[in-house]
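Here's a structure for you.
So that you can tell them apart, the chains are marked A, B, C and D in the order they are listed, and the count of residues begins at 1 in each.
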Amino acid sequence: MKIDVELKNVTKKFGDVVAVSDVSFQVEKGQFFSLLGPSGCGKTTILRMISGFEKPTEGEILIEGEPMADVPPFKRPTNLVFQSLALFPHLNVYENIAFGLKIKKIPENEIKARVKEMLDLVRLPGYEKRKISQLSGGEKQRIAIVRALVNKPTVLLLDEPLGPLDLKLREEMIVELKRIKREVGTTFIYVTHDQGEALTMSDKIAVMKAGKIMQIGSPIEIYEQPNSEFVANFIGGTNVFKGRYENGAVEVDNLGKITVTPECQLSKGSVLVSIKPEKIFIGRKLNALDNIFAGEVKEAYYQGRVVTYRVLLENGSSISVVAPSPGMEGIFGIGEKVKIGWNKKDSKLIT
Amino acid sequence: MKIDVELKNVTKKFGDVVAVSDVSFQVEKGQFFSLLGPSGCGKTTILRMISGFEKPTEGEILIEGEPMADVPPFKRPTNLVFQSLALFPHLNVYENIAFGLKIKKIPENEIKARVKEMLDLVRLPGYEKRKISQLSGGEKQRIAIVRALVNKPTVLLLDEPLGPLDLKLREEMIVELKRIKREVGTTFIYVTHDQGEALTMSDKIAVMKAGKIMQIGSPIEIYEQPNSEFVANFIGGTNVFKGRYENGAVEVDNLGKITVTPECQLSKGSVLVSIKPEKIFIGRKLNALDNIFAGEVKEAYYQGRVVTYRVLLENGSSISVVAPSPGMEGIFGIGEKVKIGWNKKDSKLIT
Amino acid sequence: MTKSSIMFIVVLGFLLILTFFPIAILLLLSLNETSTLPLRNFPTLKWYIELLRFPAAINAVKYSLMVASVTTGAAVIFGICGGYALARTNFAGKKIFTGLLLMPMVTPYIIMGFSLMSFLLKMGVNPSLIVIIIGHILITIPYTTLVLTSRFIALDISLEEAAMDLGAGKFTTFRKVTLPLIMPGVAVAAILAFIISWEDVALAVFLAGTEQTAPVYIYSLLMKLPKFVPILTAMSSIILSFAIGLAFLMRMIERISA
Amino acid sequence: MTKSSIMFIVVLGFLLILTFFPIAILLLLSLNETSTLPLRNFPTLKWYIELLRFPAAINAVKYSLMVASVTTGAAVIFGICGGYALARTNFAGKKIFTGLLLMPMVTPYIIMGFSLMSFLLKMGVNPSLIVIIIGHILITIPYTTLVLTSRFIALDISLEEAAMDLGAGKFTTFRKVTLPLIMPGVAVAAILAFIISWEDVALAVFLAGTEQTAPVYIYSLLMKLPKFVPILTAMSSIILSFAIGLAFLMRMIERISA
């Protein structure tokens, strides 16, 4: 597979503050690659280094195999969709999209054709003469994306472009972005703090924390096999217990013994176990599950599609359970005595 | 049940613009009542009329049975948690919370005790001397809530208080708010555009659109039995089809016949049918379902807990399906031929 | 509440009368047959026509226009360069530079005028229009720089980055994105500089040689004659109207661009 | 790029020298034995001590302090009322009111001073300190009002609503929330008004009777004597230092409160 972007041991310091610390990764041609992490984790700094607005303090960035150290932003084969969108308010839609092409001295009639093609791509045909101030939030978003795409960059960089949109519009734009990605085939590098966006759109996700990459993998790998408590928690509120592993089971304080799928390599010692709330069954009676505990419902959050319960177990631990709504036995009330349980294949060891 | 707040045919016009149009509802003592709707639907205006910052153009507002027409904001038994929080930056945490009590000339030692009690309630003991600028987003939120609650209002009004928080913090604050509500027992009126917040926290929800109330009901009623296409769509991306009802089935263009649970009162005619995406099964083979259609997967969005599919049916209709992840048959790829189906009890008629 | 607010309005009304009545009388008298009230043969352009017969007065207005125009051009160019530097770069001694830049705003113009003149005389430079222009550039640069610094700061830097990202070099970015977007600020700065130069007496009175600007001309006549001679009412009215017109234009630009 | 930026720096440096060199010389000379360079017996407080022997000079400084203080108090009170009204209420004729308020900012002070004096003389009021104070209040109100209007607008209105929601009446809200929060703005407005009054010559020269303010005193001496007599260097230095000190304080307040 051809590699479009490669970071080799990249570190970025602002004064004494280390924003990005020894980061390396490769992005394959045509991939939708996401940098996911809480704000301040360095993900935007990585994007700005790839686009050329920041220089790495150490390490090297290559695009299509070429080192980028001495290439200024306006000569890189990348285009960036800014978080603030940064559409030019004094130019109309046509002039915005044509901006990059005019600088490259593309003939006027070709520019016209390509702008039209782009407006068709985002389903805004005939928008050429509109002013930026006349566009809705979602329309601005689309224009910002095609203003970058029209230059046929090797890599399209997107810096939390859906941040300022409200829930409804964000969901629409996710669908839209995935479609555009499929139609143009360009490599995308996408920065976000929203794990939902990253899981839904990406081919590969790099989860970041404090300037470091914690895990790189496909959405399913990241979600199902988090390699640390941080990733497990960040990707989706999961139940994490600390315990000691021995012979296919983990002894957890305030909870008891949890059976897990034994892993050959694992010798006995301290481990973390993660159990996804939606893998846990809840009911008045439960059987045929590997791990079953009794407890009392402390909180119940109705969420339409599902109900999230916080259950206090008899040994003192608290666990969250996501159950379909309404379940076989209806919705449990606060204070109700219930049993919860799960299969050992869903006790994931974090090592 | 005692009624704490009642609106009788309240209309509010700003110049020629009708912000709130003939709205009536009752809020029972101790209820968590949510006004839910898109921005600009008039929900904040209703809150401001209850708190006294706006006067109704027509109609009447009663609090504990008393008409409020001539009562200024500072004499109403309500307190408002502002969207911007509006904590006083020149006062510390103690002075902020004590502000209302000092004006009421409560003795200093009682004020101290009540402020302490409030800080304990939101689990921020010892925060008295902190400056507002030293607080985190979530801490500010809590202080704003208890600054209002300390006055023991009949009704606590909350104007999208979780709006500016990020996803993670918002989820925490939802848990926190529900706990506070349970502990103090005050009547809450909560304004939000986030259907998740409303479903999770409320006893009763009023869904609004363009100044009008579309539906009032419990979260389960609103989610399971929406009374209009607008409510169905706003509460959760559902599949809505237009068709003609006749003898326990609805004939839908581009789809075919859908069986529904017959309703006695219904005579034949034009109806809307809503099928929740999570009630629809998807698989290579399906049987024992009332409605089964064949189609092809057009989009697949992995979301960790679930996968959302967009399936193009053979007759030309498109339908969305939410399936557990990974399902029995794994995750379906784009272009795969599948069957989808659901039971007739899940075809909800909107009339 | 009501009592105190009535009193406030009464005092404010009194102050407004004190501000505008004398100026209104000035404007009225410039269109009057005689140099005192009551109005006679009103309105007449007599004094304005009379004014045309005084070459010194006409020259003074010409000089003023010239001085103000050159001053404006120079102050705006320095304002753009200085404003961009202050808004977009961090250099050693930026705070000191800013402080020095603002000093002419607080230095009383008579002190500045007299010390500048003494200095120039010692350097062998004699008072002249050029000297006035230099003086005016010195006092207007702080204003243009301040206005433009705040405009550059208010301009979202990612707009410039977007232009560069799309392939524009630094100069092209400035020409195609930065400059068009701060144009309203440039206009405001220019008008401000023009008005300051157009109205200044305190500085120009020291720096003017035989070629006096209009305000200096009026002032020197006023000091010689204890009465406001009619052609001076006409001349003052012209200067005032022009300044107010420009100020009105400036507010319009500010409002539209906000 | 480099060539043009070097030229820019050279020209800017030249301008800075022209601005500060003459003023620096003035300050130096005030601490010098003789009234011309080179420095002799530097530094000496001779001229400052000499200044104490001129009662007229000392009185002029006293009058200036008095005028500026009273002006500041009045202009700030009007600024608070006017600013609050402009920021928080909509009344018929608000635009016209704002326009009128800003007019004194663009009216040349000599025109305003002379027309005000002529008007007051006709009303039977003679030049005096009170008249100067009235004149200064008129020219400073626009500044204090503008500064405070922008502060009131910047103040989140929901803070005031929150106070009312918590049981505070309008007056208590203003006293406990609004006023403390715009206090930095009030300080800035006060310093601004003080500096304007402290430095004004163009207006005061017409309105001053026998009691001259310090700048008028300096100016009238300068016009009589063509040389900067040493005690005037001392007096100018005092006025200038005080103004610069206040301006520095104002910037500090602005930076902290921003």
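Operating definition for what follows: a contact is a pair of C-beta atoms (placed from the backbone, for glycine too) under 8 Å apart; a residue touches a chain by one contact, two chains touch by 3 or more.
All values reported here derive from a predicted model rather than from experimental measurement.
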item	value
Chain labels contacting chain A and also chain C	none
Where chain B and chain C are represented by their mean Cα positions, the distance between them in whole Å	57
Distance between the centres, which are taken as Cα means, of chain D and chain C, whole angstrom	17
Touching two or more other chains - residues of chain C	none
Residue numbers of chain B (touch at least two other chains)	none
Chain-level touch network, classified as line, ring, star, complete or other	ring
Inter-chain touch pairs (all)	A-B, A-C, B-D, C-D
Residues of chain D touching chain B in the complex	156, 158-159, 161-169, 172, 176-177, 180-181
Complex contact set, residues of chain A against chain C	51, 53, 72-75, 78-80, 82-84, 86-90, 99-100, 103-104, 147-148, 151
Sites on chain B touched by chain A in the complex	38-39, 166-168, 171, 174-175, 178-179, 193-196, 199-201, 219-220, 223, 235-237, 276, 278, 299, 301-305, 322, 324, 326, 331
Chain D partner contacts - residues on chain C that touch it in the complex	1, 8, 12, 15-16, 18-23, 25-26, 78, 81-82, 99-100, 102-112, 114-116, 118-119, 134, 137-138, 141, 170-171, 195, 199, 201-202, 215, 218-219, 222, 228, 236, 239-240, 243-244, 246-248, 251
